[in-house]
Each structure stands twice: as C-alpha cells, then as structure tokens.
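The structures come next, written out as structure tokens.
Two complexes follow with subunit A in common, the first pairing it with subunit B and the second with subunit C.
And then the complex of A and B:
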C-alpha cells in the first residue's frame, strides 16, 4: 500500500478516535513525545511475567493470553525497530504473537536527539520506518501534525475519522527535518570502532574482565533493553492445588544464568558474560540472522547502569583498547 | 508441534504432553533408569539417538534429558537420571503411576548416516554415557556394526551407570571400564578388566588392545574430558572432522527462545545448544582460521 498522509491538529484527536475501539497504551494523554520513555513498550508484547500452562494433576493446558485490541501510542523509532526485531525472534512464540496480533503501532518521529540515543548509527531512527509501524505521527508545528498511514491495518483503524489529506511536499519536508535531526547527534565514531573490534574478536580479554568487574549483575540493562528477550521459568501452586508454569524476564548477566544443577557453569566469569551480552547486541552473526544489529541505539543501558558499563562507556573503552586490524 | 489457535502457523509448543512414570531401577549411586509411557507412540516425533527431551516434574520444573531407549510401539521410552538439582530431586520422589510431562524431541542427534562402516571409538564419562546408549543399541542391533569400542570412565565403581546395558554390550563391542578410584587390589582390577585413571590415561592401553585403529571418535562427558580427548586424538593423527561430541547446557525452552544454552565461543555466540546442538563436530567448535 502506498503511504497515505493526512493533517492532524493534535495527536489526541487520533488517540480519542482510537480509544473507541482500542485500549490505549500508555493510558495518559499527551504521551506523544519526542523522547523515549525510560521503560520501553517491550513488556506489552513479551510480558515480564506470564503463565505458560496449568497442570491439574492429569492434564497440561496451554494458557495463551487473550488481550483486547490495543494501541501502542506514540512509540519512538528505536522502540519500533526493537519490536520489528522481536517480531522475528518471537515469530513462532504463541504467547508473544497472541499479543502482537492485537496490537496497533502508532509511531512518532523524533525531531531532536535524546540524551543517550544514537539511533542513526544503528539504522534505527530518528524517523520511523514505514515497515515498523501502522501509522506515524510527525509534528509540523504546535498546532499541526502530519499523520502517515503505513498499511491496511492502519487505514482500517482510521475509519470514521475525517482528516484532510496532506500535500505531497510534506514527505520531502519530513525527510529534511529528520535529516537535520540526524546532524544534531554527537559524534559517535567510537561506536563503529567498537563494533568492528567486537566482530574481529580484537577486544583484549583483560578489558572484558575489567568490564565484568564493573558489572553488578543488576539486570537494569537487560530489563530496559527493548530487544533483550532471555527468560527463565518457575512453577507456582494455586490455592486449588493446580500448578502453573510461568516465564519471567531473565538476565544473561546473572552469575547463575548458565549454571547447571551439577554446579558446572560455562560462563562463571563475569567478563565472559559481559562479552557475550555485547556480542549479542553487535555481532555480525546475529545481524545476518535478523537483518540488523540487536542494539537499536536507545541508550537506556547507559542511562541505568550503576557500574558505568552501558553502551557508550563500553564502546569508548573498547575503541581505545582494541588492537584493530587495519 | 502445531497450535491452531493463531492462524495455523507452526508455533513452538511450550506446554508438555502428559506421560506416566512406569517404573525405574536404581542404576549407580543417586542414579535411576526410568521408564515412561506416552499416551501413544505417535504423541511425539520419532527421536534420533542423541536428541533430547524436556521432562517436566509438575511443581519442580523442567530439564533436558536424553532418550536412552526411544519410544517403542507402546510409547514406552527410557531415560537415565542422576539426582542433582531441584527437578531431579523431585523426580526421585515420584512413584510409578505418577503423571509427568514431556516436550520434544529436540536438537541434533549423532550423525548416524556418517557412521556407517566407520571404526568408532566412543569415550564417555559419568552420565555422559546416557546420550550414547541409544546410539550403541542402534549400531549393534540394526547395523551390526563391526568396529565399535567404548571407553567408559567413572570416578568409582558406585558411580558407574547403565550397568545391565554395559554387561549386554560386552558381547557386542570392545568395552573398557576406567575408574579413577578402583577401590580394590590390582589382581581383582585386572580380573574385571578395569583400567585405572581417566579414559585418557587408559588410552594407550585401549588402543594397544584393539586390533583396529579408530577413524571416528564420539565423546560425551564433562567438557574438560571431551576437550582433552579431542586434542589427544588430533595429536594421534585423527582429523578434527572425525570427532563428534555432545554438549550439555542449562535449558528452559529447548526451542531457541530462553537464551540460557548459548555457546560462549566467539564465532558461535549466536548458537543455542538446544537447536544447533547438542551434537557438534569438533572442527565446528574451533575458531575459524584467520586469513
């Protein structure tokens, strides 16, 4: 479908229209902001805790979520890119897909860089890509917005809302505004150097060990990372005696993540776990499998890390310590 | 593994099928050889030797185990389990008739087709004998494999497993039991054909005894043992492509989602043992040559 575009006085006009048929997330109005929230919408699709099945003593019964149709409203390009990535990773996961198929994604273009973000360097923004959203909001002025409709799903959701079609020229103007936003990002050439060093396996093991010492295994980064998807499972007993298995967000940076019942632990050293985490985010092997790097440049790991081993800190140190092949 | 609720797409099944614990025999210290029964032999796909399944013990959780005997026409299969963590401790409290759960089979098994007419030496340590058991039975019963030897290492006699099977296999293959602690006099050790030390300590003696030279090595046991054995045989002139091993990892999903069973080797960091393994060829685990 060719992208259609309309003028909109305010995102709330769209929000109020969609609220007739959908639950809106986040529920607060005026959530259409050009800065990603600290907590990404990851949990709306890959729940932080969820039931997998119940066991009544005889039978195991799958417990798929049955959410009502909902809208993720005003999602920035980094988080939409992450959802697009997760859509592939969880393509055959029935729990994720049960939620995903009920979700309508309304993106919002960022027109100024956020503090820790580097989305242009990892091809994840600041403009929303059509294939990652159903509709895109783009601010023109205090009282005027552009609404791009990316697909049939978006168009159907718009039914009943009368909007004026936008001029063709708005597309070019949008591209220009996004391009000028890209120019305002800080120089982050250390990122590219870090990525090269990781893929050439040129990061000294001592550096991984130092970074491992700084990692407090707090799981702040893995919880906030919009593409982190590791999970653990446990079982709970209901008051009627039924057993429920749940899965919950886990973190590959925990010491016990790979520890086996025998106490054998293939990644006992924190440095090895830190190395694998960053390889997962920037490894070419993963990029080949998913069409892009696992990092979408939101910078939340830097924002939250108490040990100063978020993405900027790590990549700067790698870039300065690595012995790069030239 | 179909789930029809969403669009007919093939979804991963994270919900087990109910199975019955038929019975068990004690087989080595803290180890039991269990029999389980599926609702029907068709309840799961036919497993290949070396593939594994996820066993659910309701209330305790789920963990990966190998089939020592794959399901027969009554849907009965066997698995050897050592009491080690929460799931296995709970399993050891179960009684015949109890309902448990299974998902699988998962992973890549031993390269059965590539083994035809090969001169195979298997080196197993401790519980590592279990993933080889189904393969051994297949090779000796249906393939009447001629050149087959097994070196089985254990810490002591009490920790040796699959005792009835090893007794049976003695007639069909060259079997070498190796114990770190033989706990007996030299005379009785010799009488029972037990070698002392680790499988690698015993290897010169094993190879002298065999009247053929192995051209294929299958390994299963602690990673340190497998790695030492592989390197040892490469020094002896065996090709890295002729060495296969089965790797153990913690797993919570077995379908490549939960992330727990990754390999930390840099060039394989995107591998999950549940999908890409557990069977690996030695050369695939080595870092790629630099150009």
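And then the complex of A and C:
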C-alpha cells in the first residue's frame, strides 16, 4: 500500500477517534512528545511477569493472554525500531504474538534530539520508518499535524474519521525537517569508534574488568533496554495447590544468569558479562542475524545505570582506551 | 486493564530512592525508577528493581489471629482489639504503665511511628518505646550529639557530586546504599579523589585512588595518626578551630604519641597515612561517609568521635561537599528517631527529662505525660525476665531472629502476659504473639519516610491492603479507642502529619503539598528555613561550639588465637536486605548466591584444604554454622567475612556479644573463629538442623 497522508489539527483528535474501539496506552492525553519516556513500551508486548501455563495435578492448561485491541500511541522511532526487532525475536512466541496481534502502533517523528538519544547513529530515527508503524504523527506547527498511514491496518483504524488529504510536498518537507533534526545531534564519533573497537576485538581486557567492577548487576539496563528479551521461569503454587509456571524478565548482568548446574560459569567474571552485553548490542554477528544492531540509540541505559556503565560512558572509554592501544 | 502509575519511595535502605509502582487491576505488575527524583535520578539498585516480589500477596497475613491452645485462629478486628484492650487494662491496673511498652519500626512511616509513641506516652502513660536504631547507629547519635550536637547526616546526597575528595570509612555503599555508591563512582570518574579505609577490598576500594586496608578494629589508631600528622604539619583549619571548636589543646595532647607503632597496629605505612591526611585536610571540600565498620565495635562511640575530630580540625563541615555523614540502613530509621520512638526523647529530640518539654507535650496532648524514664528494647526484655514488664506491642521487626541476644529475647517474649505483633508475614516473632495483626505494606499505605539526608518524602498508596490489613497508625488508633481514648482519632495520614508538624520543631513548616511540590523537604524545615536545609551546621552548631574529644585506641574484644585462628567480620550483599524476608522472595536474587556464604582468602583456604564453593563449618566461642566458602582476594589472609542475610547460616550465632559501654552496641564486626572443610560432597546444614541435632545429643 502506498503511504497516505492527511492533515490533523491535533493528535488528540486521532486519540479520541481510536478510543472508541481501542484501549489507548499511555492513557493520558497530550502524551505525543519528542522525548521517549524512561519506560519503553516493551512490557506491553513482552510482559515483565506472566503465566505460561498452569497444572492442577492432572491437566496442563494454556494461559495465553487475551487482551482487547489496544493502541500504543505516540511511540518514538527508537522504540518502534525495537518492537520491529522484537517481532523477529518473538516471531514464534504465542504469548508475545497474542498481544502483538491486538496492538496498533502510532509512531511520532522526533524533531529535536533528546538528552541521551543517538538514534541516527544506529539507523533507528529520529523519523519513524514506515515498516515499523501503522500510522505516523508528524508535527507541522502548534495547530497542525501530518498523519501518515503506513498500511491497511492503519487505514482500517481511521475509518469514520474525516480528514483532509495532505499535499504531496509535505513528504519532502518532512524529510527536510527530520534531516535538520539529525544535524542537531551531538558529535558521537566515539560511538562509531567504539563499535569498530568492539567488533575488531580491540577493547583491552583491563577495561572490561574495570567496567565489570562498576557494574552492580542491578538489571536496570536490561529492564529498560527496549530490545532486551531474556527471561527466566519459575513455578509457583497457589493456595488451592495449582502450580503456575511463570516467566519473568531476566538479566545477563547477573552472575547466576549463565551459571550451570555444576556451578561452572563461562561468565563468572563481571567484566565478561559487561563485554557480552555490549557485544550483543553492537556485534556485527547480531546485525547479520537481525538485520541491524541490537541497540536502537535511546540512551536509557546511560540514564539508569548507577555504575556509570551506560552506552555513552562505555563507548567514550572504549574509544579512548582502544585508541591508546593502536 | 488500564495501568496506573503511583509515585512513591523505595522501601529498602535509607537512601530513599523514588520508585513508581505500576498497577493493573489492583495488582503490582512492575516497578520503575523516577527520572526526576532528586537523589536517585532515574536509577534503582537491584533490590529496588526486585521490590515487587517482596510484597507479593503469597505468604501475607490477611486477618487478625488470636492464639489458642490449638494454635492461631482467625478473628475479627473487633474481637482482636477487645482482647488486646482487656489484656492491657488488666496489666495497667495490676502492674501500672511501666509494665507496658511499644517497639516500633524503622520500616514504617513517620505517621505510624508518631502514633506508636503517642499511644505509649499519652494513652498507656509510659515512656517505654524504642526501635531497632540501637543496633545500627546508636554510637552515631551518642558520638555526634556530643561533638556536633546532632546525630544525623550533616550534608546531602547531591554533595557527592560537588566535592573534591570523598573519604569512605568502614562503609560499603555500592552494596548497601547502592545509588549513593553509584554517585561516588560517578564523582570519582569525573575527577573527585576517593580514599577508602576498610579491612576488606570493597568495590570502591578497587576503584579508589588510595585504599587504606587497615587491620580489623584499628580505626581510632589510624584516625588519631591522621589527626597528629595534620597538626604536626600545620594542615589544620586554624580559623575554623578558633571560631567554631573547643578542646583543641586536650586533643593535641592526646594524640602526642599517635604515630608510635601505628604502622604495626593498623598495617598502614606512615607515608600512606601522611598522604591521606594531606589529601583530606588540603582539599577545598572533603566529605566523610561512614557505616557499620565504624559503629559496630566495642569502641563504636569513640570511633565516631575520632572521625568527627578529623573533620573538625580540618574545618571540613558546614559547607557544601563536606561533613560527617553516617549512612543509615533502613528506609525510615531517621524518621523513627525523629518521631521520638526512643525512651528518652519526644518527637524532635525534645528530652523527656526536661520539665519544660514534658509540660509542652502534656499541654498539647491535653493529658499528663509520664515522668519516669522509659526502657530500651533490651531494658524491656530484661524487665520481663525480672517479672516487671508484662505487655508489649511490636510491629515491623523480628527481634527473635535479628537481635544479637536471640535466646534471651525468646525467653522474655514467651514470659509476656500479652504480646501483640503486627506484621506482613508470619515471622518467628509473630509466631510467639498472643494476637497477630495484619499490617499494610508500603505499597498499601500513605505517609512519609525520612531518608538518611533528612529528606521527608511522600509515600503514596498504590494498592488496597491485602485482606483486612490496616496501616499501623490505624490499628494503633483502634487500640487507643478501645482503651477509651480519642488521642489517636485522625481522619487520614495527612492529619497525623499535621499534628507532627505542630509539635516537632524541625518539621514545623512542612506539609504534604509542599513535600510533593519540592520533591521532599530536608529538616530542619521551620519558619526560618521554609524550604528545608540541605547542609547542617553552616554558621553554628546546636551546642554552640563543636567539641573535640580525645579518644584512644581500644582493642577488639576477641583476638585470634590458636584455637580460633581467623578473625571474622560481617558484610552485606548488594542483592539482599536485612534478614532477606523481602529480597529472598525474588527468584533472581535468590538464584544469585548460595543461602549463606563465607568469604575467605585463597591462601587461608589452601592451608585449610577448602575449595571454592565447598561446604565449610565455622565455629566461634558462641556457636557453629555451616555454609559455602567463596575464595576471594577481597579479604586479606587471616580475615574471613560473612553476610547476615541468610537464616540458614546466621552470623549472629558466631558474633561477639561484647558491647560498646555507652550504647550497648554489640561488636558485630569482629570475633575469632575457626573454619573446617566438611566432607567432600556434603552440603551445609541449615542452623535449624544443627540445633535439632544438638538437642538430640543432649537427650
């Protein structure tokens, strides 16, 4: 389907229309902003805790979620890129898919850089890519917005809302505005140098060890990272004796994450775990498998890391230490 | 299915991080950090991230329970309250108010704690009210109130990023106060000098510019040597000493020989001491942080005074980025103290033995408050065994497990005529109660917590209480009513807080609206400082001039010998809090370590034939536990270390009961032990199993 475009006076017009048939997340109006929230929408599709099945002593029962249709409204390009990435990872996961099928994604173009973000460097923004959303909001002025409809799902959802079609020229103007936003991002050559150093294995082991001392295994980075998808499972007994198997978000920064039953652990050293995390986010092997890096440039890890091992801090140190090395 | 987000405060340590609770259909689905929180700035530690597991409805007490010959039976609130009131009335008539008392909780809100001491003083008419601050920072209060006039953290968390040097003394903030530990790492990476004084090679010690790895318990020797070096070199702040301190002459005389033999006593070389003394005294702004590695010694109070002496002679206090800063363990231990849940002070540290203060409270509460001095928790235990104390109300504490004198407490509690315990889950203490009341968790109530930088913060209700659980001040009020008193008849937690502000000078200009607007208020907050106070002692000390008090090194009570050749100290893990009752409900945190561990240097392990993760037995003169050995260079040879989170292997079985004479703080940081490997393939036996065998053996 060719992308269609309309004028919109305000995102709330669309929100109010969609609210007739969908649950809207986040529920607050005026949530369409050019800054991604600290918490990505990851948990809306890949729940932090969820039942996988129950067992009553005789029968196993499936516990697939059955959510009503819902809208993720005003999602920034970094988070949409992450959902697109997760769609591949969870392609055969019935729990994820049960939610994903019910979700309508309304993206929003960012027109100014956010504090920690570097989406242009990892090809994840600031403009929303058509294949990652059902509709895209793009602000023209205080009182005028452009609404792009990317697919059939989006078009169907618009049914009943009368909007004026936009001029063809708006596409070019949108591209220009996004390009000018890209130019406003800080110089992040250290990121490119860091990525190169990681893939060429130029990061000194001592640096990984140093970063490992700083890592408190708090799990903040993996909880907030919109592409982190590791989970653990456990069984819980209800008061009636039924057993529930649940899965919960896990974190590869925990020492016990990869510890084997024999107590052998290939990543017992904290530095090894930090190295693995960043290799998974910026490794070329992962890029080949998923078509892109695991990092979408949201910078949340920088914000939430108590140990100063977030993306900017780590990549700056890698860039400087690796340089010293060569 | 709409998700609701309620901003509140993390229930674990005294840092007081901002945490958002995401709920859906009255269930907690996740927790998140608050981006704009003044202390935590979008961060949480692993305990905070796992806090949803801690208040999971599984295992919670949901209804009042009354003890019968056959065990507990469920009861209505009316019946439970009647039973409590009848029991109290009988004791009051027969034995007087001195036979009753309340132990409140450093985990509960200010409102709960205020209600607890008011029930004791205005209704039961006793000053018998206390809480657990006694075994963490009582030496801080005793020491700093003598030297500075106030026992709280002098500066703020934000100062860590506005200072030139941080001296961490006997504290492990990355593990116990992780967000502050993180601020220290950040400051250090940005150029702030970091000095760590600790017998263990902590995480911060590994990153520090200088690690003073002193011998266990040699704090005063090291601190006095630093003071002596500073005075000898003229590095002290003469102007500050002249204008704001007294006692310099005595101090100078007392440290005259402080450098003699100090290398041997502390294990630190003179050049290292000199370098640290110079760096601390010559920095424009230098900040001291300290913890249990100072307080939990027989010399606890003197250790605190020695630290205070160092800060005062250098004038490193009363300005941004300076100060003497005790790191407090519990979310509201500061608040429980502020609210006067101590036998000798009313709210705001107004002294019970001061007739004016007594008159003030009698007038404000419109009832005569008691004159006689109150009992500490230990005092109540002893009075019970002496037959002089009969009725105790206790909440949010598990002294049967956590008190250093476990066996004594158990004996006393079984002798009480009435023991009322309000709790989240069936703790060992609750099992001994006559009446158990279901308490609301932090997510199920409103009120305020005061963090270690004196910041009063708003705790907001996100969930309905589990079952029939009630907020502590509510059931305390219900007991008062049942006793015929309307003293605790408040409409909501805000009304309790309003009363607190009317009678507590440091809180007098606070209210919920302002707390919300300004993201918490740091006391003192009164008509002179309506927006609170970030830094104490700027122009003057509460006692006028600060006091320099000579203190001399005191040996640890129990030294290593042939029979017990290793020294044991205690530590905490990043992953667990206290006795683990909340953190061990997380599958992630519980997976992270064995249920009990002993850290030991590889050289010692090799001598003993102990391998990594193997089972070992540890014996002291007082007890025996089994656990797993973790080989690590973080400990020097001769020193081993255990965390106290695991009820399977409680370090309290081993630790010394020798006490700081002034505060009764036990020497939990040092005792002598022997370590033996268990048979290959054997697992460590939990303490219950070992004790059961011992009883059988006696039979």
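Basically, the second predicted complex is superposed on the first by the 322 of 326 C-alpha atoms of A that agree within 3 Å, B and C clash if a C-alpha of one lies under 4 Å from a C-alpha of the other, contacts with A are read in each partner's own complex, and residues count from 1 in each chain.
In this section, a residue touches a chain if its C-beta (ideal position, glycine included) is under 8 Å from a C-beta of that chain, and two chains touch if they have at least 3 such contacts.
Owing to the predicted nature of the structure, the values given are computational and were not obtained by experimental measurement.
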Superposition on subunit A - do subunit B and subunit C clash or fit: fit
Contacts of A:52 with subunit B and subunit C, given as first, second, both or neither: first
Which superposed partner A:230 touches (first subunit B, second subunit C, both, neither): first
Partner chain in contact with A:267 - subunit B first, subunit C second, else both or neither: first
Subunit B versus subunit C as contact partner of A:65, first or second or both or neither: neither
Subunit A residues touched - subunit C or subunit B, whichever exceeds: B
Touching partner for A:250 - first (subunit B), second (subunit C), both, neither: both
Apex subunit A: angle to the C-alpha centres of subunit B and subunit C, given in degrees as a multiple of 10: 80
Partner chain in contact with A:276 - subunit B first, subunit C second, else both or neither: first
Minimum Cα separation, subunit C to subunit B, after superposition on A (Å): 10
Set of subunit A residues, in rising order, touched by both subunit B and subunit C: 232, 234, 250
For the subunit A and subunit C complex, residues of the former touching the latter: 23, 25, 27, 38-39, 43, 47-49, 67-68, 210, 213-214, 216-220, 223, 232, 234, 236, 248, 250-251, 254-256, 263, 303-308, 313
Residue ranges of subunit A touching subunit B (in the complex, touch as defined): 52-53, 55, 57-62, 64, 89-90, 92-95, 97-98, 101, 201, 229-235, 237, 243, 245, 247, 250, 252, 257-262, 264, 266-267, 272, 275-276, 279-280, 283, 285-286, 289
Of all residues in subunit B, those that touch subunit A in their complex: 3, 5-7, 9-18, 56, 58-63, 84-88, 99, 101, 222-223, 248-250, 252-253, 255, 257-264, 266-267, 269-270, 287
Residues of subunit C defined as touching subunit A within the complex: 1-3, 29-30, 32-33, 35, 41-46, 48-50, 52, 58, 174, 178-179, 181-183, 185-186, 189, 203, 206-207, 574-575, 587-588, 591-593, 613
